[in-house]
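Each structure below is given as structure tokens.
Same chain, two partners: chain A is paired with chain B first, then with chain C.
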Partner chain A sequence: MLRRIAAMLLVIGLFALAAAQGTLIIAQGTDPASLDAAKATDSPSATVYSHIYETLYELTADGEVVPQLATGVTVSSDNMTYVFDIRQGVTFHDGTPLTANEVKASIEQFLAPETAAPFRFLLDRIAEVNVLDTYKVEVKLASVFAPLITHLTHSSTAIVKTGVDLDATPIGTGPFEFVSWDRGQRVDLKRYEGYWGDKPGIDGLRFLAVPESTTRMALVETGEAHVAVRVPPQDIARLNANPNVTVEQVSSVRTIYIYFNHTMEPFTDVRVRQAINYAVDKEELVEFVLGGAARVSDAPISPGVFGYTPVGSYEFDPEKARELLAEAGFPDGFSTTLYSPNGRYLQDIQVSEAIQSQLARVGIDAQIETLEWNAYLAKTNMPAEENEVPFAMLGWGTVTGDADYGHFALFHSTQHVPNGSNRAFYANPTVDALLDQARTNTDPALRAVLYEEVMKLLWDDAAWLFLYSETQLVAVRDGVEGLVIHPTERYLAFDVSLR
Partner chain B sequence: MLQYTLRRILVAVPSVLGVMIIVFAMVRLAPGDPAQNLAGEFADAETIELIRERFGLNEPTHVQFYRFVTGVLQGDLGTSTRTYRPVTTDLATFFPNTLELALGAITIALLFGIPSGILAALRPNSAFDLSVMIGALIGVSMPVFWFGLLAILIFSVQLGWFPVAGRGTLMHLVLPAITLGLSSMAIIARMTRSSMLEVLNQDFIRTARAKGLFDRGVVMKHALRNALVPVVTVIGLQFGALLAGAVITETVFSWPGIGRLLVDSIRARDYPVVQGAVLLIAVSFIVVNLVVDLVYGFIDPRIRYD
Partner chain C sequence: MRNPVAIFGMVVIGFFLVIVVLAPFIAPYSPTEQNLRATYVPPGVGVALGGPEGQLGIWVHPVTRSPTAGLRVDDSVAYPVRLFVRGSEWTWFFGLVKSDLRLFGVDGPVRFYLLGTDEQGRDLLSRLVHGAWISLFIGLISIAIGIGVGVPAGAISGFLGGSTDMIVQRVIDTLLAFPGILLAIVLVATFGTGLTNVMIAVGVASVPIYARLVRGSVLQVKNREYVEAAAALGRNRLSTLARHVIPNVMAPIIVQSSLQMATAILFAAGLGFLGLGARPPQPEWGLMLARGREYLAVAPHVATFPGIAIVMVVLGFNLLGDALRDALDPRM
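Coming up: the complex of A and B.
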């Protein structure tokens, strides 16, 4: 009898084991550009290497900053020196232990000019890194920089094994280790048995590169993939009708907006900018052009970012728009050019066309100009005196999870293109002063208040035509549990189980 | 023949140099900047400058060209500004995949194109001839992406016969090869038909028939061999074009070929990869044409190489 029970338990145990295992297959839109964290800026790369490498701090999907490879930090009274305690008992995938030396080497490699890391600016306030003892690293800053800890959550600042070709053999401390990469096709990872934290419930992960969205959806419909990202809005209903597939909708930290060129008539007049904000029906765009896959903006940044507070709304009010235009001296409207990317953001050109027709209703004749992405960047990146772009759509992902990243480069007057990313040539001394203060003050409560003030000013000043935050649409097959669709547009499978 | 081959290779040198100059100039004339692309829309001027320096993009154009040419002579095509990988590594990864797909496509095109062309020519204006010609017309005019997606929906999603996408087994090759080979098949069928019709009306065929030869012998031995020269030309051109990568088929079926690599690189203004890939495509086109010219001699001994 006992033997029979034991045998039954064994069988049940084997079943449980089988259920807990398997390989999760995720179909992404493109192949990673690089698996060296310092060298990639695209989210398919970040999705893959976020499973291999870990950062000192982690930004959770709820927008919280929690320790990862650092267990704590002591900040000097002048806020210029940070001493990080490094987690003990962590090993790289090649078996070597993680100590302060590796952390120092990794940060220095990220900052080295020869690395030419695209995200170098995240940490460029760091002046030097010193090893204090086996598990203590001291970081000295060149100037006070409040967003340092949140910047250390960014996936490109991951702690990597230095001195190896990370693109060919990525070695980190994460829960999955690298197996192989068939370029243009797939990346395979397997569970790292020496992982310091909770080990993943699945054996491995496979990332497929599938550029055509119809094909990507077909993969998840046939069960050849468990997850397919970037579902076209028009496919949501069809996929949801499939009993084995669910389309998950999770908001992204990417905000879509149309900026005004603040050096060009008539956008120098705040009444004109406000009129345009009133003339555009954002709810209609979200519902009919984006199939509900967006959230109307109520601040220049999105929820889930530190410093976000809803600061207002420009309700659709064409009558008020006409009044404001008349006050500004344009009772019959005016003509302008609306620059729009085509295919860079979800339904971008379609949204621009809808806005064109909405503006026409208040007398504004906006001709749409669309350019290939690189030409678009080049054209909008010209210095003020050569810049010909009056009104243009762009998107911004506050991927560090800190409002500094979502404001400083876009609204500070020192950041006008081509120096920074302020393509609107926005200049407001009060906003500058508040942004400087928020950047150098390390008290989170005070920073939050400062950002709220900045956002209110920008909103009332109608610095942009505020539109919406994108929603990520991800098709997930039934039986996949625990997948995290991160607002920074990464798909994380640390806690996934397959039924 | 050896002399002819050597001469052709020498003649190809200026063509290759011409391709290098044109592609080098064209990628740089297009608006946009590789460093800006790599750094993203919101990178600062300092980061962009560092990237330019890292990839030698801030050097004068003539220095960059000199580096390109001397690099090519040493088998070094530079480093990708999108992936930081040597261009030769990328080409060595993606080109064999393109070759595999191109061979699959041309095999299907020959297997169905030549027999249907011959049979159509033997019964001109019959129902069979008409259906082959209509089929060929459809094959040439059908949009590849539409046919590819339709094939996936029917044969993979509905019937489950073939995998949806990717590369690996022979089953993975079937749908993309048919999709890609369809227009070549149509062109080859039409060419075979018209070329056969022309030959079948000539005096020597009538003589052969008058001698009492079997019809099959006449068709296969006398007519087909004489009809093949223009067909081989078309096959060579088609195969050369297939080697240039088929970006739409590769995209629809997630096939990691050189066409997709090239388009991704053009989008990212990845100068070294665009230059390297175009150069490789040009060289393979030249090689295919040379092979075609040499094949003429085997088909038709009257063609001499001196």
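Coming up: the complex of A and C.
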């Protein structure tokens, strides 16, 4: 009897070992907010559900748009109608086939007012979706909309199984299917055997939620996790000294900035805004606070995004800052409040404190106010007349890889919070007109020219305190091959193999 | 008072008070001045006992840290550390005292970081020393709130008895049902973060403790002969309470205040740690501990020194409280 139990235990142990070898463990900073693609807005959620769902088009890590669930598209001559060919032989994780009907239902669910998708604006130019035959979907637009295809690469527009509670049982067509979600702890996925494309080389995927960066780094150092995201810059040297761990540095399309509230004195004066841009030494922040894990901004969006071109720089010049402040009527500076997140972005509070100290040198006394992340978003999301936030740090990832996403929601005057994401209440009729023109024109060359114009205007107008774009620091254990660290801050394990 | 433990407590508190009073004199630099080129320098790095030509004393080499080259000590130059030097000007006691005299400093264009620097390149010793005032102030104000509200409430409740006692005690029961730190967190979360709100919150959290304590003592005292005598002489009840009862229950209040001081400092540090108390860059100890924690693996000193400071002060007040209880309570 005892021998049989021992033998059984041995077999179970061997199975457990085999399973452990085939499972990639990724330690993220936070638990997903939601596994419903239409509802989540954070990159930890997107990292998880990008393995479960697929989009019609895919934005590769090189910034290329390639077909995924769509195999091709025919655009009408007036650019108002798109006919998508849907990939054949694709099944959902519950075994049902993907046809034009499912695509139509998924897009309509995304657009339905009761879904209240935060990213609804991505597809809100769609007037109707029609099924032409089993594998053909017709999308009719309300007006010409150039970024439609790039917007269809956004993970939030993924084709999902409709009519189920996706937060509890996410069902998609991706290479991994959902197993379980222990909230606040971990999400488990396993390889979907019915996947239409190349099946993953690993049996499963586990995402751990480990907010404490010290703990997260310890997990990858001891081998309890294969990948740990958001390495604090001060730990890079120590982790690289570990023979089993490498810190990967991949640039991100996320730009970090501090916006001015353009309805509040003294930020209504362009000279004050320029003075602050001159007073902050971005190079020092990037090198000494971020350990080099960033790139000083030279445009409102980052390299790697369509439409990006360097439009200028505010060289560190405290003398010029003081002159501009004096011209604007503040020879002795002024007091303001700098709102800062604490722990949301790489070294955010440390950067804010360094900026506070740099501003103090030109006479600007900025009190730092930190709030818990959701309270922070709520406070900066108030309508202009109730908004108390003069100056606040935020980041924006242009995750569609198109300049429209990086500008329209942030600078168009129709996008003032709480309706859009223009928390700065920036309003400039010329910028509005150029942005409208750029999104309704399908000629890439002309669009690039228009965005360059927009970025130059924003830059010279010092619409924000332009800071830097982040670099993603990811600790990866040796033996993990094929992990894609996507510039949209997602970590994709489709092609991973474990040694 | 011959108890060595009590003496240790008093020495710690005395040391703490001296630091509070003389903070800008003891601290060599400003608590908020950053140097991003000398971040988290460990204590002792670049410090030499003896000068380049065999002179006595402590000598300091310039230390810099850059992400590419790491921590570097420039051995080619050294400057001596001297006592009573003239540094940058400071003001203290709300602008009443002004001076530029510092206890020690470097005779030269470098800095002497006795306890090292934090992640923004600020002198850790200067931050700790300036933070002592914040901790003491939080303790005193919250005790004042606790005594100011809790003592009258408890005394009236115990002395009058009946329905007054009933109502007051049920309110106190409700407050006591919440652990103190939880009550403080709820108050700070509701009314906003910041040091003022932390003081009020910690004070409110100590109200029920004082009220319970005073009520119990008043119940013991109120049937004594001298209280009956005052009543027989026709004295007003409230004036009897103030003149004859409260002075006789002072001993436990004093003991409790000393213990409460320790609790208040701990609560304030806890709220600071959770990001609900002091705002950066204020040198509050709990906040320093929280920030230093992120650097534990590379620079343990950043979190260790604020931790030691909190432990020592809290221990000091607790030992003092114990000693006072022994001294003031004849039954023990």
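The definition used in the following text is that the second predicted complex is superposed on the first by the 471 of 499 C-alpha atoms of A that agree within 3 Å, B and C clash if a C-alpha of one lies under 4 Å from a C-alpha of the other, contacts with A are read in each partner's own complex, and residues count from 1 in each chain.
Just so we're on the same page, contacts are C-beta pairs under 8 Å (C-beta built on N, C-alpha and C of every residue); 3 or more make two chains touch, one makes a residue touch a chain.
Just so we're clear, the structure is a prediction, and the values are computed from it rather than from any experiment.
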Practice prompt. Label the relationship between chain B and chain C on chain A in the superposed model as either fit or clash.
Written response: fit
Worksheet item: Where does A:N419 make contact in the superposed view: on chain B (first), on chain C (second), on both, or on neither?
Response: first
Discussion item. So in the superposed three-chain picture, is A:T214 touching just chain B, just chain C, both, or none of them (first/second/both/neither)?
Written reply: both
Discussion item. With both complexes overlaid on chain A, does A:M80 touch chain B (first), chain C (second), both or neither?
Written reply: neither
Practice prompt. Check whether A:A448 is in contact with chain B, with chain C, with both or with neither, and answer first, second, both or neither.
Written response: neither
Worksheet entry | Which of chain B and chain C A:V289 touches, first, second, both or neither | second
Worksheet item: Hey, is it chain B or chain C that touches more of chain A?
Response: B
Item to complete: With the two complexes superposed on chain A, say which partner A:M382 touches: chain B (first), chain C (second), both, or neither.
Response: neither
Worksheet item: After lining up the shared chain so the two structures overlap, which partner does A:A326 touch, if you call chain B first and chain C second: first, second, both or neither?
Response: neither
Fill in: Least C-alpha distance (whole Å) that remains between chain C and chain B when both complexes are overlaid
6
Item to complete: Would you please give the residues of chain A that touch chain B in one complex and also touch chain C in the other complex?
Response: 214, 371-372
Item to complete: Give every residue of chain C touching chain A within the complex, in rising order.
Response: 32-34, 36-37, 39-40, 66-68, 70, 119-120, 193, 275, 279-281, 291, 293-299
Fill in: Touching residues (chain side chain A, partner chain C) in the complex
213-214, 217, 232-238, 284, 287-289, 291-292, 342, 349-350, 352-354, 356-357, 367-372
Worksheet item: What part of chain A is in contact with chain B in the complex they form?
Response: 30-31, 33-34, 36, 39, 41, 113-114, 116-118, 120-121, 124, 167, 182-186, 208-212, 214-215, 218-219, 221-222, 224, 371-375, 377-379, 381, 394, 396, 409-410, 415, 418-421
Worksheet entry | Touch list for chain B against partner chain A, complex | 30-33, 36-48, 50-51, 53-55, 82-85, 90, 93-94, 97, 145, 149, 152-153, 156-157, 160, 163-167, 251-254, 256-257, 260-261, 264, 267-269
